[in-house]
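I have a structure here, written as structure tokens, and I will follow up with some questions on it.
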Amino acid sequence: MPEPKIIGFLCNWCSYRGADTAGMARLKYPPNVKIVRVPCSGRVSPELVLRTFREGADGVMVLGCHIGDCHYSTGNHRAAKRMPVLKKVLEYSGIDPERLCVNWVSAAEGERFAKIITDFTETIRALPPLTEEMTWTKG
Amino acid sequence: MTNSFPDLEEAQVILITGSNTTEQHPIIATRLIKLQDKGAKIIVIDPRYTQIAQIADIYLRQKPGTDLAWFNGLMHVILRDNLANQDFIKERTEGFEELKAKVADYTPERVEEITGIPAEKLVEVAHLYAKAERSAIFYCMGITQHTTGVQHVWQCANLAMLTGHIGRPGTGVNPLRGQNNVQGACDMGGLPNVFPAYQPVTKDDAREKFQQAWGVEKLPAEVGMTIMEMMHGLENGKVKAMWVMGENPSLSDPDINHVNKALQAAEFLIVQDVFLSETAQLAHVVLPAASYAEKDGTFSNTERRVQRVRKAIEPLYGSKSDMEIICLVARKMGARGFDFETPQQVMAEINQLTPSYGGITYERLEELGALIWPCPNGEHPGTPFLHKDKFARGLGLFHAIDHQPPAEEPDEEYPFILTTGRIMFHYHTGTMTRRIEKLDREVPTCVIEINPADASRIGLNGKNKVRLQSRRGELIAEAKTTERVDPGVVFMPFHFVEAAANILTNPALDPVAKIPEYKVCAVRVELAE
Amino acid sequence: MDQRLEALLQTIQKVLPDVDGIIGLKVNAAGHIAPHLFRKEAPAELDGLAIWPKYPTPDTLRLIQKAHPGAKLGMVVRGCEERGVVEMFKHAQVDLSNISLIGLQCTREEAEFCRCAKPYTAHAKLTVGEPIEGVPDPVTEGFLAKTREERLEYWKEQLVRCIKCYGCRNVCPQCFCNVCALEDEKWVGTGWLPMPLPPMYHLVRSMHMTAKCVACRECEEVCPADIPMAIQYRLIAGDVKEMFGYETGVSMDEKPPQLLVLAEGEFERTGLPH
Amino acid sequence: MTQTSHEEVRIGVYICHCGSNIAGTVDVAEVSRWAGLLPNVVASHDYKFMCSSLGQELIEKDIQENGVNRVVVASCSPHLHEPTFRNACARAGLNPYLFEMANIREQDSWVTVDKGEATKKAQALVAAAVGRVAHQQPLNSLFVPINPDVLVVGGGITGIQATLEIANSGRHVYLIEREPSIGGHMAQFDKTFPTLDCSACILTPKMFDAGNHKNVTMLTWSEVEKVEGYIGNFTVTIRKKARYIDVDLCTGCGVCQEKCPKKVIDDVFEAGLGYRKAVYTPFPQAVPKYPVIDRVNCTFFQKGTCKACEKFCPTGAIKFDQADEVITVTVGNIILATGFDLFDARKIPQYGYGRLANVFTSLEFERLTNAAGPTGGKVVMRDGVTVPKTVGIIHCVGSRDKNYNNYCSAICCMQSLKFAHLVKEKTGAEVYQFYIDMRTPAKAYDEFYQRIIHEDVHFVRGKVAEVTDAARNPGEEGKLIIQVEDTLVGKQRRIPVDMVVLSAGLEARADAKEVALKFGISCSADKWFIEKHPKLDPVATMTDGVFVAGACQGPKDIPASVAQGAAAAARVLSIIGQGEIEIEASTAIVDELACVGCKECITTCPYQAIEFLEDKQKAHVIEALCKGCGTCVGACLSKSISLRHFTDDQLVAEMIGAMWTMKQFERAELEAQNA
Amino acid sequence: MEYKNVLTTCPFCGTGCGFFLQVLDGKIVGVLPDKKHPVSQGSLCVKGWNAHGFIYHEDRLKSPLIRRNGKLVEASWDEAIELVATRLGEIKAKHGPDSIALLASAKATNEENYLFQKFGRAVIGTNNIDHCARL
């Protein structure tokens, strides 16, 4: 079984720094997630997430600041409103909504970050590769 | 088409060949696909694994240019397994024995060798098609654009007659006409050998009828030139002047390097079009024509359904409808019989002279929406399916045909078979559709299809540029790798002037219909950079 | 003449003197019906007044208003069309200050055709016909009973037929963007049929219909392949209502929820981790 | 997105070893070799320390000599060295926004066990950066002129300090305070720890200075209603509440207060322990000296008769018909010093505050010990006469308690020690300190602690479970019993006392969220204002031109608050000194051709940075207000709005770079398996 | 202020789908499918939906063009019609009717094709009439 391919969109202020914090603490976690830095989780449009799946990602993460801690005041509120709907769209399309991880990591939460990454990688590992699911049945 | 859409809803088996239906006739395709929900089976036989092939219940992939063989193979199996409709053969056809003898040699195994279609699949299709109560054949240019195009059409007819799948709702042999009014242009006598309604110019009574109606002393009795002959005529000086109404042979005809040379040789070339087409750029006079939205008239679709075109706006930018232009020139030349104000008046004349359109008047079209010809008089409801009780010639004639290879086959120098066609997002030479922003955005330029195995053999990596060469010319285009085509085959759309497929195509013609072999020619494919 | 048509005609004639024109349906040619602007100065046109099949008239309003911003217009609306107009108003696409809505209540037969939960108007002051209760949507309910794997299979069966006509987008009264994300190669691959999986076109469109779809089912009606995509829009509308308490077309001044900050309790209802 | 220039993209890639930090785990040479094969990459190097001057010179040389026009450095986190390398690019004449960083240390070499995997991840991250940088566009920063006037919100010690710093430098300050007088909490205190200075003695002169400074416009009894604009250019709408006093006529003589017949319990300044009149100044040293009429309690306003004050006012300054006045001021910078609220001890019922008479809050105790307070500085029980014989002081009330506030309120330990000292000094009573941990980390603080230990104070380490008057034995009769687990001896103890002082924690102001919203800044979950960086930029906020200082940003004692007030002033003065200021270059931009005017971006923008152009019916970004969060981009369905430096093209290219690499490795692995 | 829908037939393939052209103040602003159409049944393909997209294209020919000194230059309709009539007359007279060939159009209406072949046969006197049915 091939290794899951995962892209994480991390906000610059909290979760990306949380990832740095995990690094500074030398916490080990699986290498599957490749991080793309965005200014705010509110910047992550549903299209961007979907395009990442189209590109062959088995899982996509959107990590932002904890609700109430957004450096852009309420940018992450928008993520917290859009992403659950996107999960529903995936669900209704027959794509496992677990493939989209939406969570919150503060700059201080290196351990939380490493745990979220590890858990999500395991979750995705348990699913078949998305590209395998995304082939036409006919023909 | 022998049949029309509403009656075709009753088909139980639909055999589609040589038609990328979802892209070329999308709305016909989706109507057929929807029949699957009601239990109908779709069979697609095509060298390309197109969308309709993917949707089909059975898909067979033949090597390009081997269609005669699999038709014979199907008929072989039908006869071998006693699935032929003997009553129909007896009552309605002739020439059966010759056919029977001919197809006897075409065992599924032999057909597999020629076509690459697995023998057992061929048998399955033969049974499915023959056993169903109502089976319909659909074909398009993939069948006709061959040097053996007419024979392919005969084969379709053979198959339908052999099983009696003709002359009833949900059956028939249904060619899908490519252009919006190609049916009408033929019906109206836009052909060198016939007057409107296929009345031969060689027949005295036909000529007399038209001479009288048009008030001329003598109409020419010899069959005129086909397009390809006109091009030759221009080159050898027999043709001096040419008037092109809304066509673009500079892009649409095979071997266009040659076509352009011919057009340039014209002493006087008139082109009327909506845009300055590639052909218009060579003209001596260019006449701006109104678009379909700026005029009234009728189109006849592939079902023979005559429908209205309605003027939504006045002609733009000082253009004139083709009708007005023709009348102006004719009157200027002192001709009588061109004093029409409206297309409705023209239709009244057509009603008089064209038996199959006899009852198709604007009044009736306004009331009924559409009429399917033959519709000989004002009371006739139209004819949704043909050949109900007898064929036009009386008995249906079987044609016994052997497999023949295409005019040009791949060799060491030109190892690939090039097959050309259309894509969903453009129409014909792209004169209109490439100027429609939304369509252009979808497919802005020519992309050829090549099998991944071939792609890696020639060192193509992803979406690189390739050079295609044939004995007639060469071009550079983008390539996309896809299993849609077999190894050894490349597909290319012909809409794009910057990579005009017809630079490469072979002008070899079907001897009867004079249709060029667009679907098969030999090319070389290599990396462009 | 059909009773309802007669009643509608009378109502229109009542409104017509006070407006510049009325948007409704008309028999245009050979029995074929389409939207039309009935003008005060051409009352005879009303002989061709029609009520079925329905068309996306909110878009007609938008087109006319763009050219004639101040025009006083009447408009015949069914429940879905009224919701459509309301949502377009919220997105600053139409101005309702000069518009008189004439509500046309749907019949049971029409509601069943549309599997409509709200076949009646709520804002129109003048109405024609008796409002009826919504009808169930067996298609959507049947879909909900499927497992995830079955859903995936189901959509593959459906979507392989999609010929990318953009009809669902074109006909949708809530799709008024100048530039559409569905036409952008960046999001939806272009030029290839059937469209590759994952079905970006339909995924993106489903997302864009969030808190916008007014359940008029025009998209399904124009679909050449009979793809029942409204299933998704309807389910999502249910989720949006549950999570954020938003229903399309209900109130004129409520903003779409995904644009706003989380209100009390909403975060808990999203099911996201804390 | 169209490329502005058609010049060929030439990318230089630089892989940092970071000593062995990276090179010890990642095969840097392989990454460098491999990166050299990526599209548009013309130079690829690995080097020991890219951030060293030699490393930076490598980049500069490639830009200047090898035509490199895009730069990727794979090293540590961009939060560390992005500015370093951007500067290097700029020095070599390359727009700094044509630089991109791949984080292969914090997010790769330090967190990945397997070296092969770490190398592959580095390759994916480098390919992502290479893909992205090809789409990056040069950006130029926008400059806006700075209005040198400053608004300071909050007239506590922090705000006063900030005001004076700025005013003394010659700039004009609007100091706004919602109470009738400036002074804040500090004015309520008696002594300050650890020096035990008299609070009033050190505060009053500063209040006076601020109130009488020629560069200060003081607006007390006033509140900010609306803030518009952006750094350098704020327009602030302020409501001056009606005082019902004509300040031009009032001399502050105090006759009105004397004559006013209406006594009101003063639960603001006196913490409910004392009285004031309906017309009042909160305390005698109030600045300004003018009183206000408390409309709710004024007999005239309530019953229509009285007017005693008016009758006796020697200058006729009483104006019952005065109305609120709304003014606008324009300023370039804003300092928020809105302070804190005290934790409401009633929320912990088991401590008995509000139920048991002799449980006091810390603020009440401050007033008790204050010589100017209701008891004249006598420490007495609620009856006003009895001097307690034993006093229990409970720490961490509402702090370090997951039921209330998780954080440490920073001041309670020292405050409690101060209380212990004052009790001892004034009553000689037995004093018990109930603490969880003793935290005395600032200058001279621990010394103070040591001093109090030696003052015979009892220290009980443990969280108090309950304060009760239910006696279990005669010794407890009439006492308040403090039930606590003494964790040092590991025993439950019941300690009877006469008086309990609850050292209540500090909380953000109850209206902190609304205030934050008004000023476009953010609050943390516990409602403290969020600074730009907790260590390196503690007084700035994410909203340029808006600063925070003092206890509104988090619990603080007086020295820290004063320091922050001064720091904020220094930041503001530095901005004013620049004359104009560079604002965020990564801002949103509307494609007007595509925009359909649906206003979704306007609704969703957290900064009101998008306006609607009525004439064009299009959205438009006010660049100076835009913070570059990109929330609008996430909302715009037609993608008519994009965020510079985080465009869809850039993010997609970055994602594709990473995905492409992962897929390459996957394919190679599959082929290897099949072979 | 005028808004109407004009029913017409799609010009982009042989299927013959029906649609309405939406006309607002004399300008075509869009396409609407015809829900009662017997062929297309309320559907269209992408070409049909965009069939109005080229009508106002700036590339539209704005006047007749005549080649002078090797270049196509604008001319009046009178000039152009005169030239066509004269030259066709001359060539017919000099080289006979069969030296003239006509390409009718699978994109033009029945009426126009009828007139065109009538012109060829009755006015020019040739059967050299074809169109790209085969292409």
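A, B, C, D and E are the chain letters, set down in written order, and residue numbers restart from 1 in every chain.
Everything below uses one rule, namely that contacts are C-beta pairs under 8 Å (C-beta built on N, C-alpha and C of every residue); 3 or more make two chains touch, one makes a residue touch a chain.
Keep in mind that this is a model prediction, so the values were computed, not measured.
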| item | value |
| --- | --- |
| For chain E, the least number of touch steps when starting out from chain A | 2 |
| Chain labels contacting chain A and also chain D | C |
| Chain pair, A-C or B-E, that carries the greater number of C-beta contacts | B-E |
| Per Cα centroids, the chain farthest from chain C | D |
| Farthest chain relative to chain A (centres taken as mean CA coordinates) | E |
| Inter-chain centre distance, chain B versus chain E - centres from mean C-alpha coordinates, in Å | 19 |
| Distance from chain E to chain C - Cα centre to Cα centre, in angstrom | 37 |
| Distance from chain C to chain B - Cα centre to Cα centre, in angstrom | 39 |
| CA centroid of chain C to CA centroid of chain D, Å | 47 |
| Chain D: positions in contact with at least two other chains | 604, 606, 635, 639, 648, 652 |
| Shared interface positions of chain A, touching two or more other chains | 46-47, 51, 66-67, 74, 78, 82, 136, 138 |
| For chain B, residues contacting two or more additional chains | 26-27, 30-31, 54-55, 308, 310, 369-370, 424-425, 438, 442 |
| Chain D - residues contacting chain A, complex | 77-79, 103, 105-108, 110-114, 117-118, 120-121, 124-125, 128, 516-517, 520-525, 530, 542, 586, 604, 606-607, 627-631, 633-635, 639, 643, 646, 648, 651-652, 654-656, 658-659, 662-663, 666, 669-670 |
| Complex contact set, residues of chain A against chain D | 2-3, 5, 7, 9, 16-17, 19-20, 22-24, 26-29, 31, 34-40, 42-48, 51-52, 55-57, 66-75, 78-79, 82, 114 |
| Residue ranges of chain C touching chain B (in the complex, touch as defined) | 29-32, 160-161, 163-166, 183, 190-191, 193-194, 224-226 |
| Chain D-facing residues of chain C, complex | 91-93, 176-181, 184, 186, 208, 255-256, 258-261 |
| Footprint of chain C on chain E - complex, ascending | 1-7, 18, 20, 22, 24-25, 29-37, 40, 42-46, 48-49 |
